[in-house]
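Dropping the structures in below, format is structure tokens.
Two complexes come next, and they have one chain in common, chain A, joined by chain B in the first and chain C in the second.
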Partner chain A sequence: MTTKPIRGLERYYEYRERWKAIISDMEKSPVPNPALLALFRLFLENDEKTIDCAENNKPFLSSWYGNAPEIYAAMGIHYICVVDNLLAHQSFTDDLAGIDANIVPDDMCGLIKLGAYAVEKGLVPTPTGMIAMLEPCDAQSVLHESWINNDAWKDVPYFALDPAYRSGKEDFEYFVGELRRMIAFLENLTGIKLDWNRLREVIEETNKQYEIWDEYNQLRRAVPCPGGSFQGSGIGWAISQHIMAGHPGATDLFRMLLADEESRYKANKGWLEKENSRVLWADLIGTVNAPIGEWLEKEHGTVVVQDFQGYTPYSHIDTSTEESMLLGLAKRNLAEVPMIRQARGNVDVFIEDVIRIVEDYKIDCVFFPGHVGHKDQSASVGFLREACRELGVPLLVLTMDIFDPRYLPMDKFTHIVNEFFETHKLGKFK
Partner chain B sequence: MFVAGIDLGSATGKVVIMENDRVASTVVIRSTASPEKTAALAIEEAASKIGLKAVSDLEYIVGTGYGRSGVSFITENISEITCHAKGAHWLNPGIRTVIDVGGQDCKVISVNADGKVIEFAMNDKCAAGTGKFFEAMARTLDCSLDEFAALALRSGNPCSITKQCSVFAESEVITLINNGERQEDIAGGLIDSIVRRLLSMIYRVGAVPQVVLTGGCARNMALVKSLEVSLGIPVIRTKEDPQITGALGAALFAQAKALIQNK
Partner chain C sequence: MNAQFKSTILQDFRKTAANPVNVSLQEWKKSGRKIIGCMYHYIPEEIITAAGMLPYRMKAVGSKGTELSESCFTQINCGFVRHLFDSGVRGELGFIDGLVSVNNCDHIRRFYENWQKKIKTPYMHFMPFPKKSGREQAEVYRKELADFKNSLEKHFNVQITDTKLKKAIELHNETRRLQRELYELRKKKNPPITGADVHAVMVASSSMPKEKYNTMLTGLLEELYTGEGISDYSERIMVVGGELDDPKFIEVIESQGCLVVADSLGYGYRAIAEDVDTDIEPLTALAEYHVLKRPACPRIFGTTFNRNDFVRHIAEEFKVDGVISVRLPLCDEWSFEQVNLIGYLKKHGIPHLTLDIDYILSSTGQIKTRSQAFLETISGTKHGR
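Then we have the complex of A and B:
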């Protein structure tokens, strides 16, 4: 007798086998990169958990960053972000071409299109519950709407966190109420009761992670920058937001990143032999960023020293009481997670972050990718322009989809950046 | 001392020869398949106009534009953004915003009082809103580029054109023709649609007066007038052909470089 395959798991088996093969090859390498090896092992462990949950009817959630994943982690509930694996495995699939035939309008973010496509095509297993957040992203609600209208997902119970508009005390208190409602939803859905002591342990582990990440960021202020473009942002974001929150393996990985950068800093060495310019990438980083970072370094001796995804001024959460933990989580997830931090409320946070990063990290120029999904930020470009002019740093405004390299092809990107650098005597023209 | 600036664009090659801070000769020719050949032909023609024997009589040559790299006799290359800003500022030091609409790309450049670039924006998606678009639309209306501009100027009630992709705009134009719309109003509608597209780029940089329109499309007075209406400010007319602004900037750089070289 053959059993019916579980929807979405076929792809996850592929991911699992690919991670295993990559890890095995890396282990055989004479000089394995320990940080990458640790990262891939965490990804594999996460995918194995997903497969285990789907195969054995264990509860797991579909979630998105900024939803206080520390709470699910403390409850021992596994969670996935639908697009993570699609992004990580994009070079092995034709998913990018697949999104063109999807129902999501063309002018929306590639990530949203991928998310809708993944559920529509059955590339992710159906979760037990869904936690949504009404984020500032222009299309997030469309994504959730498409999921709950999908045949396989239409009966999945969901809870949507409502973020407050600003970042004052009363806004955080309002969001604490939202988190309490989410806990009640999860307890009701899974029958698992939140253990507040376990939440304390999880938060304390994440406190350690963010402290190390902060130290890593401080070192990047050094000239020359001791780390490569987008380096910590990509890894740090993945292991803090998209795998089980408070995983000690993630803390070890943060330590590795820090140690690597610190060794170069102490030896007074930069990531590049000769650093010509330092860039701030004023947005999240997507799938376009790795080749961009490599090209900037190789062609122009330029390092992207900071970006909004890596710039994580996460505050230490006071774990003394239940209320202080929830208040800390409210603040972290509402006012510190990138994008939700810069795009919610008024423009001040966005501009203040740019000013602070330019000054602290001795930035020579600002790249604003004009991501198609971040129309809120594109509407603020006038303020950004004024700020950059006052700071005396050139600003390059692009029009990209940071999750779809076809939107602004690399040859167009390099042409514009070459013109920009030549005009402002930056990069190899310095 | 003669120097030259060459602007090798996708549609045309432009040369400006200067002598002692004066424009001595200018030429605009259609681009060939080879930038080297376009440059050679253009410079030969410009030089012969003032009795020079081409390259050997020129002290310094600065190249700019898409095709600039790899031309053997160019002394130095400078970015087209910098050259357009320099040329526009020399033509009128009060200019703060340069809108350059060329054959295949358009750019908006914010310039300070010294003629230096503060910021710029470029089109990065397709040729809509450039000379190529106008050429395609003129073909659809079965007229020349000059006739197209003249038609648009006579429009009293421009049609609403929603498509800016040349492929889709063409089918929309054909529909309008079949619906019996006046050619003048279709041309006027096309001009307005392109101005709307330009505005999004202009506002990324800011439209600080004085504003000048350069590039081949600046010769299209319907475009100039539509832009003036949309921006609510006058667009400055320059004493030289606006198409040669980039080459002029390159020639001005060539002049400065030659002076340093000869010191």
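Then we have the complex of A and C:
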């Protein structure tokens, strides 16, 4: 007897086998990188959970990082973010070519195109329910809209969190109301009651994680920077928001990252032997960061010290009452998580973050990727220019798709940066 | 087409729609009264009317370029905001005394802040609009409307009473009723007016005092009831899209022999399908109208199904042969809308064409070619070819 394959799982089996092979190879290495090993083990564990849920009819959600994942973690409900694996495995798949053949307009963000493509082509299992995120950009909301219009997902029950635009007391309270309505939806969908004590435990674990992440960030203020370009940003965000929130394994990994950086800091050593320049990457890092960081370090002795994905100043959540926990989650998810922090409301936070990072991290120049999906940020470029002028730091404005490296090919990127550095006597021209 | 009648009223509407400034606006301004620019259709214009001011839907028709917006926007920002901002910097919209905006999209919300910084219109007000539709969201928006009302009263030293608000709602409802009457005429086998002209009439309503507009539209309707119908057209077409404020686009489509008889546009049927309730407290009625009642645009999550049904319902009611949906390049909100609509219309056997058009119309040759091919396909299907 043959059983019908479950839509979307074929790709997940592929991910699982890839993680296993990578982990096994790393374990055989004479000097395995413990942080990377821990990271890949967390990814493997997460994918195995997804497979288990889909194979055995256990409830799981499609969700996104700004939806207070601490809540479903506390309810023991597994969740996936549709695009996570597509991005993590981008170099092993032909998904980028796949999005070209899709009917979604070319001028949209690569991440959004990938998300639509994944559901359309059945690269993710159909979830039990969906929590839609309607911020920070227009495309995020309409991507979720496209999913509920997809034949495979049309019967998936969903709840959408309506974000407040401002950051006043009333706005956070409104979002608390939205979180309460989301909890009611989840309880009704799964029959699982939220255990508030368990939520307290999850939040306390995440509080620990964010404290360590903050310490890690403080060390990066040192000149020379004790950590490499984009280091911590990709890992930190992935393990705090994109796998089960409050996972103790993630806390251990944060400790590893901190210890590694701290050892160099205490020895007064930089990541580079000679640090010529320090860059702020004023956006998320996407999937283009690795070759960019490597090239900047090798060619120009330049470190990307901070970016919006790694900078997020998470604050401690008071776990004393139900209300204080929800209010803390409302603030975290509306005003602290990356991109939503800088893009949800008015332009002030974006500019204030740039100013604060440039000053605190002794930045020599700002790279503004001009990500094709961040239409609000591209319309903030006048404010950014003015802020950089006042700070006295050169600004490089690019236009790229941070989730599709083909948009601004590496050779063009390096050409632009070389010219910029030469003009401003930065990097190897210093 | 055989019924291009020489109505002077229609000519006035055409002129009004084709220019940012018009005679009525100049007269209004000359009499010392105020004009408030409105960014997009979620602004409750009735509050402005109740304040004794004229709501003006911001547009940049006839804009010659975007050079002066380049320091604040990049090439990934849409043509609508770049042309509008350019017009603002050039002073072409200097007649507005205030600007009120919602966070309709990522382009518009930053447009507002750039305008605030560079153009410095004396009165500025911003209202966040919910991203989904529900009772809680209507309540939140009602609070915003109360703040807006208070802010207008304070800045312009006016009083907006409930009586004035109710009167304004009735006036705007009357506009919508007359416009629906105009649309009814398009259901005829031989409609007395082209789609481009209907669109001009609709766009004109956003930059004229409502009393005068209603009088003119009543006059036009009288003429149309006795006018000759248009019979020499091939297919009956419906146009779907967002902030399309230039009737020329419809004119280009109709130049290929079809007649646009219906729409689901921001300036079109979506704006008039429903009235504001006059039996409840005015601000609540206005909030409920915008959040719960009127057909939403794709900005509001979870509304595709209703909007698709709305399109099909209109297509059937107006006996449409095919649907053309348009999107401004770089508009994320309308991107998936087209994808979703294609699937829906395919399921219901309604022919469909999608077009990306610039805010200031260019490449009309391409629009003509694609429309013509589309019309030929429909015609072939209709005649079993």
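Everything that follows uses one rule, which is that the second predicted complex is superposed on the first by the 430 of 430 C-alpha atoms of A that agree within 3 Å, B and C clash if a C-alpha of one lies under 4 Å from a C-alpha of the other, contacts with A are read in each partner's own complex, and residues count from 1 in each chain.
One rule holds in what follows: a residue touches a chain if its C-beta (ideal position, glycine included) is under 8 Å from a C-beta of that chain, and two chains touch if they have at least 3 such contacts.
Note that the structure is a prediction, hence the values are computed from the model and not measured.
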Inquiry  = Taking the superposition on A as described, I'd like to know which of chain B and chain C A:Ile416 touches: first, second, both or neither.
reply    = first
Note = Winner on chain A touched-residue count between chain B and chain C: chain C
Ask   = Is A:His424 in contact with chain B, with chain C, with both, or with neither (first, second, both, neither)?
value = first
Request  = In the overlay, answer first, second, both or neither for which of chain B and chain C A:Ile192 touches.
outcome  = neither
Inquiry  = With both complexes overlaid on chain A, does A:Gly382 touch chain B (first), chain C (second), both or neither?
reply    = both
Inquiry  = I'd like to know which partner A:Val349 touches here: chain B for first, chain C for second, both or neither.
reply    = neither
Message = Once chain A of both complexes is superposed, is A:Thr399 in touch with chain B (first), chain C (second), both, or neither?
response = both
Inquiry  = Just checking: does A:Met26 make contact with chain B only, chain C only, both, or neither of them? Give me first, second, both or neither.
reply    = neither
Ask   = In the superposed view, which residues of chain A touch chain B and also chain C?
value = 381-382, 385, 397, 399
Request  = Spell out the residues on chain B that touch chain A in their complex, using ranges where they run on.
outcome  = 78-82, 117-122, 124-125, 203-206
Ask   = In their complex, what parts of chain A are in touch with chain C?
value = 103-105, 107-109, 112, 116, 132, 134-135, 137-139, 141-146, 148-149, 158, 160, 162-166, 174, 177-178, 181, 343, 346-347, 370, 372-376, 378-383, 385, 397, 399
Chain B-touching residues of chain A, taken from the complex the two chains share = 381-382, 385, 388-389, 394-395, 397-399, 408, 412-413, 416, 418-420, 422-424
Query = Tell me, which parts of chain C touch chain A in their complex?
reply = 71-78, 81, 103, 105-107, 109-111, 113-114, 117-118, 128, 130-132, 134, 136-137, 140, 298-299, 301-302, 304-305, 327, 329-330, 332-333, 335-340, 342-344, 356
